[in-house]
Structure formats: C-alpha cells, structure tokens
Amino acid sequence: MATTAADARAAVGDAPAGDLAAKVGLTDQQLLDMYALIALTRAVDERMWILNRAGKVPFVISGQGHEGAQVGLAFELRKGHDWMVPFYRSVASVLTFGMTAREIMLAQFARSIDPSSGGRQMPGHYGAARHNILSTSSPVATQVLHAVGIALAAKIRGIDQVVMTSLGEGASNQGDFHEGLNFAGIHRLPVVTVVENNGYAISVPARLQTAVEDVADRAGGYAMPGVVVDGADVLACYRAGREAIRRARAGEGPTLIEAKVTRLTGHSSDDQQTKYRSAEELASGKDRDPLPRFRSQLRDAGVLDDEHESTIAAEIKAAVDDATDWAEAQPEPDPATAERHVYAGDPPDPSAGQPGAG
Amino acid sequence: MPVRTYIEAIRETLREEMRRDASVIVLGEDVGKKGGVFLATDGLYDEFGEGRVIDTPLTESLIIGASIGVSVNGLRPVPEIQFADFIFPAFNQIVSEAARMRYRSNGTFSCPMTIRAPFGGGVHGALYHSQSVEAFFTHVPGLKVVVPSTPYDARGLLRSSIRDDDPVLFFEHKKLYRSVRGEVPDSDYSVPLGRANITRPGTQVTIVAYGLMAHYALEAAELVEADGISAEVIDVRTLRPLDTETLLDSVKKTGKAVIVYEDNRFGGYGAEIAALLAEEAFDYLDGPVTRVAGPEVPGVPYSHGLEDWFMVDPDRIAEAVRRLAAY
Amino acid sequence: MATTAADARAAVGDAPAGDLAAKVGLTDQQLLDMYALIALTRAVDERMWILNRAGKVPFVISGQGHEGAQVGLAFELRKGHDWMVPFYRSVASVLTFGMTAREIMLAQFARSIDPSSGGRQMPGHYGAARHNILSTSSPVATQVLHAVGIALAAKIRGIDQVVMTSLGEGASNQGDFHEGLNFAGIHRLPVVTVVENNGYAISVPARLQTAVEDVADRAGGYAMPGVVVDGADVLACYRAGREAIRRARAGEGPTLIEAKVTRLTGHSSDDQQTKYRSAEELASGKDRDPLPRFRSQLRDAGVLDDEHESTIAAEIKAAVDDATDWAEAQPEPDPATAERHVYAGDPPDPSAGQPGAG
Amino acid sequence: MPVRTYIEAIRETLREEMRRDASVIVLGEDVGKKGGVFLATDGLYDEFGEGRVIDTPLTESLIIGASIGVSVNGLRPVPEIQFADFIFPAFNQIVSEAARMRYRSNGTFSCPMTIRAPFGGGVHGALYHSQSVEAFFTHVPGLKVVVPSTPYDARGLLRSSIRDDDPVLFFEHKKLYRSVRGEVPDSDYSVPLGRANITRPGTQVTIVAYGLMAHYALEAAELVEADGISAEVIDVRTLRPLDTETLLDSVKKTGKAVIVYEDNRFGGYGAEIAALLAEEAFDYLDGPVTRVAGPEVPGVPYSHGLEDWFMVDPDRIAEAVRRLAAY
C-alpha cells in the first residue's frame, strides 16, 4: 500500500488525471493516496481508543477531525529533506511525512524500539530522526521556535529545506508563538506555521482563548501572509500548503495557515467533553468530519469507486492490525537503559533506524 | 470528624475562602466549567461565576503576570498552573517579579497570591506530567513554598497560604489527590506556614520527607520497625521558610538523618536540608546525612518499568534507614 | 509651580482658551503645564547626566526625546485614581502622573527615602505606591501583564480605573506583550499600552527587532485599535491618549498606541551609540526633539511668550537645583535595613508617604 | 605566554572557534555591530558577517528556542543572554526543551549549544544585573554548567563547551571581565569539562568556590596563612557534571570544608556540595561543612552600602576558615 505522496507519484508517473485532480494539479492516484492517508490515520486513531478502553494503552490523545487538514497541508513537503515539527495531534502529519502505522503503534505501546522516544514519553509525542520529524514535547508552542531555528539553519547552510510546524489555537496565544513568528518574519525564513483551530483548548472555548476570530489575522503583524482554510476541505488545505511551501522554498518567506477543524473526540482519554460542550454542538462537529466529506468528493468526481474503497479499506485494516500486533509484540524498554542518553556518549539507540519499524 | 480526600480538602477550602473573602479569585486553564483537569475547582464556576473563576488562555506567563497586577490592585488571586511541569513559561514572572516586588519597592508593593500546581510522579505522566519543581522555587527569597501531604494539612495550609500576604507556591502531589483520605474538621482551623510536623516519633533515625514521600517515609518506618529500628518521621510541609528548629531538634536526638525526595538528587531540595543538618547538627551526627532521591535523568519516563525504576519507594527508603541505623 | 494637569485645571478653572487650546479641548494654562512638564523632565534628565559625569551617579538611563509623547499621552489620566505602569524611560510619564523632581532625584542618588525602591534598584526603576505608579523592574515587557492584571482587578472590583503602561518597541516582541494584549482584548480591559518606538533596542535597529514597520499593526490581532502617533507632536499624543483613556474608562476596551519617538541619548550611560548610528542619523534625530517643537508651536499659537518662558525656565531651574541638592543631602540606606521587606511583617518603609519628598 | 584579560580570552576563543568550524554561529541581543554590551563578541560581526553573527530581537525565549532548532539542523549555536538575570524568559526552552531533547528522543536528537551569560554581583548592577543563577540549572540533568574564573580556564573551557555535544550553560562573572588577567597560551589547548582545579594546595581546610569567589577564596587563604592555617583552595569550574573525586579527596585529606558561593545560601549550588561531602566524606570530617554565602534577600541591592552588605568577601571567608580550623 502506498501511504505517501512521493511514493505514489513515483509509482503513478504520468497517469491521466481526472478533472478534479487536474484542477488541483495532482493525479488521481495522488488524490487516492491522500484519501488513503486520511483513512489510515483515522483507523490508527480509532484503534488507539479501542486499545485504551481495553486497558492496553493508558493514555490516548488523538487527531480525529484534524486529519484532512494535516494530510492536505503536508502533502507537498519533500520527505527526507524538509522538516516536520509536529504537536500531539499530528498523527496524520507524521504519517504523511513518512512515519508508519507501526511506528505510531510503537509509541502507543511505549516499546523499546519506538522511534519517537523508546517508550519514554506519553503516546502522542511523535518524532523520528530518520524522517526529519523533530521530537515533540508536552509544553505547548515551544516547537514554533524550534521550527524557526531549523529554518534559520537551513538558510544559513544554503539548503532549500522547508519546515512545517503545527499547534493548536490555544497554544498560539503563548509568547513563543509571537517571538517565533516575529523572527521568521524579520528573516523571511522558510517556515510554514499551521494553527489547527478546533475551537477548544481542552475545555476553554476559542472566544476565551484568543481575542480575534481568526488567528490568521495576526500574520500581518509578522509581515507574512495569513491564510484561513477550511480544514474539512482537504484540497483547499492542499492548495494552501502547496503555496506556502512553494513560497518558503523560493525564499519568499514564511506563511501562517489557520485550518478550521473540529475535534471529534474529547481532548484526550482523560477528558469528558460533555461537561463543557452541548450535545448539539458535538453533533454539528460531526458534519465537519473531513473523512466522509473527502470520500464523497472523490466519489462524486469519479476518482474513488467501490473497488478502490474496498481495496483501500482492506489494506488499511491489514496495516492497522499488523501495526498493532507487531508493536504490541515488541519488548518493553529495559530499565537498565533508563539512564542512557542524558548526555552524549551512550550507545546508539536501537530504534534510530530500525528497519523492522519501516 | 468528616473524612475527606486530599483533593476534596483543597476544593472545599477554595470554596470556603471564596465565600469568606470576596477578594479571593481563581484563575487558570480549564478552572471554569470543567472545574480543572483534576477537578480541584469543580463547582466554583457555578457558585461564583465567571467574574471570580476565570478560564484563562493557555498562557502561564499571563496567568502569573496578571495575578501580580490583580494582587497589587487589592484582590487575592489563586492562580492554578495545570501541571507544575508547565510553570516554566511563568518562571520569569514568579522569580523576577512576584518574588521581588516587596523587596525592590522597599515594602511599598506586595503580591499576596497562592499559586496552586499539581506535581509529582508515579502517575504514568512521563517527562512532562510528573515533575517535582520545588527546588527551583525554594531557593528564591520572597517566595514561600508549601507541600501538604494530608487532607488535614492541605486544608489548613491552603487557608494560611491564601490569607498570607506574600506569594506562595502551593504544590499538590497528584498521586495523593484521590489516594489519601483523612479526617478534616469543618472548623476554620489553619496550619501555620513554616512549621514541620513530626508524623511519627522515634529515637534512632530521623526521616525527613514531604509530599508523596512523607507517606512513603511512614511506610518505611513501619518496615524498619520489624527490624527493631525506631525511626522518627518529619513531614516538612513548608519548604520555605523551613522549620529548621524541628529538624535540628530531631536530629540532635536521633543522631542520624535520611532525607527523602522524589526529584533527582543533584541540587534538589533535600540538598539544602542535608547541608543544614551537616552544618548545624554536626556534633550530634552519628552517621552520614543520607539522601534517598530520584536518579539523574531529565524526567520520569513513561513506560511502567522505567517509571518504577525512577520512583523512590518505601523499600528504598527502608534500606537506607537500615544501612544508616547500622552505621 | 504647577507641574501637573489636575492641579493646573483646578487652578485655571474656566480661563478663556486660545485657538490652539480650544482646538484640542484644553485651556492655555493646560498647554503651558504640558510644556512645563516636558521642559522640567528634560532639565531633570540633563541634570542626571551631569551628575553622572561628575561621578555622583554611576548609572543613568533617560527619556530624552520621549518626553513629549509621555506627557501628552498621560495628561488625561486621573492622578491618585488611575494607574501608571512605567518602564525605565518613563521620567516624563511619572512626573505627569504625580511624582516630583525630588522623588526622581532620590532614585538617582539611591537615598533611603527614595519612594521607588529605597535605593535598592538602579536609577530609572520608578515606582510610588502613593501615586499608583507600580514598581518597575529591569526585565522588559513583564509590566504589560501587571498592567493587564491591575485592569482586571479594577473591572472585577467595579472601579473605573484606567491603567497605562509603556514599553519600548524592542520589548514589544517579548512573549509577555502578546499574552497580555491578547488577554486585554478578550476581556476588553481598561488598559492603554504605549509602545514608545525610538527605532532602537540598545543597538539593534527596528528592522531587526520587529517584522513590521508599525508595532501598532499588531493591535488588530488583539481586537483593539492600534494608533500610530508622532511622538514629537505633543498634542497629537494628547489626543490619542485622551481617546484611549476615554474608551477604557467607558468600558470600551483596551488600546495600543505606538508613539514614534527618537532617542536623543545613548541607550544609557553605559552605551556608546556612535558605534552603531551614523552622525547623520544622530543629527536627524535631533529634528524630532519634541521640546523645541512644542515650544515653537505654543509660541506660534501665542500661548507661550517670552515672559512665560523665562518664568517657567526659572521655576524649573529652581526645582531641579532644589531636587538635586535636597536629594543628595538625604541619608543613604542603612545596611541594617537591607534584610527588610523580603516578606510581610517588617516595619513600614520610611519613604512610603514621606511628606518631604512631595 | 601572552597575557590576556578574562573577556579577551572569551572573545578570542569565540573568534577562533568560528574560524575553525563554519558551523559555529553567534546570536543574541546586541552581539552584532555593538559587539555585545560587554564587548565579548566585538569584531565578530565584521569578520563573519550578519549570517553568522545575528542580532536577535529582544526575546530570550526565541534566542534559546531558535538555537535548539539551529543545533538540531546541523549547526553549533553560541547564544548570548545579555545578563544572566534575563535568562528566565528562556527558562522553559532551556529546562523543558534543550535539557531533555536527547533523553526524550532516546538519543536520536541532541542540542549542541553553548549559552553564554554574564552573571554576578559587586558591579553596582542592583537586583537585575547582579544575579547568580547557576543553582537553577545545576539541578537539571541534561545540562552542563561551567563557570570559569581565569582567562586560561575561560578559553579552555569555552573551547570544550563549544565542541561539546550537549547544551552547556557558560556563566561568565562580570566583575572578572576586565579585572583579571592571566597567561593564555596561543595553542589549541582545552580544559575538559567536569574537572575541578586545585588552585592552592593546603592541608587543614578545603575551600571550595567558583567564579569571583574562587579569587576571594585564594585571598582568604592568604589571609589565614598569616594565622598559620594551611588552606587548600578548589575552583570547581564545572558545576555540572561535578568533579566529586577531587572534592572528596581534598576533604578526606583536610577533614574540613568551607563552601563559598555568592548566591543566597538557602538552596544555592553550594548546598549540593555540602550535602555531598557530608554524606560521602562523613568519616573524615573533623568539623561541620561550613557555608559562606549571600544573604536571603531577592537580589543584590544597588546602593553601595547595601551591595557591600550583600557580597561575600575575602574577610568573611577567612573568618569562617579560622572558625573551622579552630574547631
């Protein structure tokens, strides 16, 4: 199964593009790849919750509702060259950028060869050196500065890397966001900052988080374009991402993209969202689910048919089953290794390039 | 006497203080409708409304910085930092501003506020939801630092903190929230800041601890009793200002001290206690001041096995006590 | 000598206003008061440098070039009721808001009855409990959050206080600025944030500090008006301040004002600005000095004549001489008091309401 | 051998490391044209240009946060914090991010960077330009903390720090910048991190110090020599990781230790050394491990008289040494 854009492009070559694909400058196969990535992410994510309820994974934080935006926005990045600086909801972003379902599941089970942290961090703190996906921490918005620094180094070194970083609209009120975007604006750094605005920071609604309706309105204050995009519209996100990536790569500077998304689950497995969101609101959030929407769009455009759909569904089921079973079967971290990697000089981490996880 | 959990004691004390004194307000992330991620402020929003129970943006520096302004202008804020691990964005506001306002203004401005923050490991929270951060603040003149370990003390110390005229950091151990229950009188008692508590008298070794470790120290004292060792346990409760008298009296009596803290050892809070005892009780010491503390890694790892490896437990404490008793 | 607006208004009553005064809604006497405040501040400030060169004051940080903006912006505040949360250049702001030349000089000489800090802080860290001027620290931009908190308390307590806070354009890039303005915007707090943009943060020019030309452009991102005003135009500043104060008092929310000013001196007595500013640039800065400009404006309007001018000049000279000599003659802080006021409970500070300093 | 001031040693080492290794960059407030407020980076902008000597906005969190990204993407940043007092806005980036990057990624990411910051009092800088901040960082696994006291060490340790693969905090005492001169070879020597230095051998009392206090300790040793007391002086140099061996060996020999630090005493860095000696050299101690440190106020006051009151000086150290020697 081709789970990534670059693979897909290589495989499909110059296949004839349908109308929809042509309109956005992609091939049908690429559209199918996007769809498969979104569906795969959803399936992986749903599996996390099942594992959580089964008592196998004590904590889940998920990206349900955000997947369309993440796949669309990251689709144009160059894997193995560009950088992704994600946050805890970035399941689809990291899958789009090269991580595998197995690697995600290793993090859920906190296994020793988990490339994100070797089981040291909570699930949701993705990272992978071999994919240029920076290790995620918990304090929000700190990564905006890391992304800016990575972009600065790329500029100094004369490499045409583009850095994409993501955070929530709540996190975007942190000082680090301001300091980072200001610096990116001054030096016109190749960094694309994505605010995934799902209307809540845990329980706190956006009106109590942010003084303005659109976080993107702040972009002007940093001398960069601010783009609001419907996160349930995968192709709109793709276009916005592509343009921002193009600008960054061409040396035209940073972009702030705000994707309006919906959080389909509680904040995490520790949260009861019915306490602060009404039933109607929760129901209306479902209408903004990118997965069925994209599915209909592709079906209406004749890109996706029953056969594709069932093939993809079967491949995804197999991939998620495989990832779950395989990851669960891996050994837990050995406490004898717990003191390693505080400073340089310890033996290389077993997960660093673990082929089995690929 | 009513029996309450640790978190119930905190919640009820917040409510009572807000009823008693209209100048007390609560602010922080998710403290409103949700009632806080641990439900420490549950019900306050319904009773006192959004004017006095304020859901802030996800911005810790603002939470503390605004609390400074609020306190300067006549109110008594009780800001909540959702996890102690996330107090660092507010470090500058706490250490450079709140702690120094009184001193730098030569006593003409002050910041009466109580910063509540859940801390500590053993809850499967990994590097960023398990930390002990007290050592960063106990070093700072101008701040007070409180760590209750029982529902009784949680209530009595929270009362004293809210009524205190200086900035207080009030660290609540997450693992105690629901696991510890105890008698808590309905009366308006308070536990004064700056007084340690001898929670178990003994004669041969003094165990000094706080937070979760205050419980583990008691368990360790039980364990060594089987070996015929009489351990005295002191719950420090207020880390700054420290009750040096109670500590010194105990160690002068027992001649031996084990200091327990959950945080990594090097430069942790227990280092100060050890240094103090080594300097001021030297003539009474019959064995080395011994520390039992966390390992030198940057945080509590997530995986169960790694977390167990990290955490100090009653057995490790008991082992140190036995070794020292036999010295 | 009437050094403040409220005194002046009380004294002048309904004196007939000249054209200029009428146009801005003030009396001639008030215009003269403003002028006197600016001139007094300049004289106090110049005296600081003289004392520095004479070795009597080891450190000076001054507001030369900023005085017109500061006096104009703060003129409409209600002394003893509103709040001022200043920064180290706010000499004119705090004089406008009630501090006296004697009190400023006590800070320069670090005398025991210095109301700012009792000689504990470097000169330039003004504060005065009896004037509602919050104690200043050195770390920049922290005060924005204090101002916001003071405003929040005023709102909760139902008092119609307005809070004015000031900082430099360099400082406005700090995270605290973002977090503070965001919160002020959400809750429509009665706070006026003044960015005094003098084009430099020590040696770093504004183009390397801030991604945009006008810091005020950021106001929209916080749902508040952003006003750019020429800081050399005292009456334009007065108007901008009055409107922002009116809005705040009326519950209409916060305002961000950016005053374009010039820094006529080095950053501080420790700085050699010729190392990073050209001679031409320094010369052109002088053209933006608010003092001669306001003097000409008032003379052209017939508000200020030779007699006024020489009276004011004489009063100022006397005031500065008196403040200097008197402050210098006060005792230094006694080391026996150095441990006081770490926590509550120490005897009240001698300076708290020192009448001699008034 | 050429004689250089402390700041010259730093400036020249920065220049040489930048010449040697194109991946070394410098960034911070006023480090460019102005050459830094203390002129530590003077001339670098002219030689290496604005691509490698970057005047940042007045935003410490950005300076460190961006340095993390820069270091992750192949360069070796040497960020400057203008005064150590202003490092707190970056506290979260240093403690939560830089210190933990390697551990939390299980060794797959790292942050080689050297954060330079002038610290210390006695320069009439008052509360916010005089601070000792080392204790906040020496406690943190994942960080290294270096405090040179001589031009020779400044150069040798700065080299080691820049070439080190972990985040290093490099604290330079402001009062030493121009007041201390010493021989500094032109060779490419380096002083390894993690090694203390016995700057004066002695037999009766060990004085442990760093930074400005390392000089005052030597002066104190001279003073007590007149009384016939032989003091050994150890300059810690690297505060984390600490050279426990050198310290323990010395104290096992002398049986007595005076630990000197400029920072306020309670919970300061010296508490860790005292605790360590009290625990691991207990059998050798002939007197209490004694600390000479700053008073418990939130900062160094400005007024000359108050500042003198605050600062530890050779006399105070000598007094403590005499008292301990007579114990």
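Per-chain residue numbering starts at 1, and chain names A, B, C and D are given in the order in which the chains are listed.
By our rule, a contact is a pair of C-beta atoms (placed from the backbone, for glycine too) under 8 Å apart; a residue touches a chain by one contact, two chains touch by 3 or more.
Since the model is a prediction, treat every value here as computed from it, not as a measurement.
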item: Most remote chain, CA-based centroid, reference being chain A; value: C
item: Pair joined by the larger number of C-beta contacts - A-B, B-C; value: B-C
item: Inter-centroid spacing, chain B versus chain A (mean Cα positions, whole Å); value: 38
item: Rounded Å distance between chain B and chain D, as computed from the means of their C-alpha atoms; value: 30
item: For chain B paired with chain C, centre-to-centre distance based on mean C-alpha positions, whole Å; value: 41
item: Inter-centroid spacing, chain C versus chain A (mean Cα positions, whole Å); value: 48
item: Per-residue multi-chain contacts in chain A, two or more chains; value: 117, 120-121, 125, 137, 139, 173-176, 179, 182-183, 186, 208-210, 342
item: Touching two or more other chains - residue numbers and ranges from chain B; value: 56-57, 59, 61-62, 85, 88-89, 92, 96, 100, 103-104, 127-128, 141-142, 296-298
item: Chain A to chain B touching residues, read off their complex; value: 58-59, 110, 117, 119-122, 125, 137-140, 168, 170-171, 173-176, 201-204, 208-210, 270-271, 275-276, 332-335, 338-339, 342
item: Chain C - residues contacting chain B, complex; value: 83, 85, 114-118, 120-121, 125, 127-129, 134-135, 137, 139, 142, 144-154, 156-157, 161, 175-176, 179-180, 182-183, 186, 340-344, 346, 348-349, 351-352
item: Residue ranges of chain B touching chain C (in the complex, touch as defined); value: 25, 51-52, 56-57, 59, 61-62, 64-75, 77, 89, 92-93, 96-97, 100-110, 141-142, 144, 164-166
item: Chain B - residues contacting chain D, complex; value: 85, 88-89, 91-92, 95-96, 99-100, 103-104, 127-128, 135-136, 138-142, 240, 242, 264, 266-272, 274-275, 277-280, 282-283, 285, 287-291, 296-299
item: Touching residues (chain side chain C, partner chain A) in the complex; value: 173-179, 181-186, 207-212, 217-218, 220-224
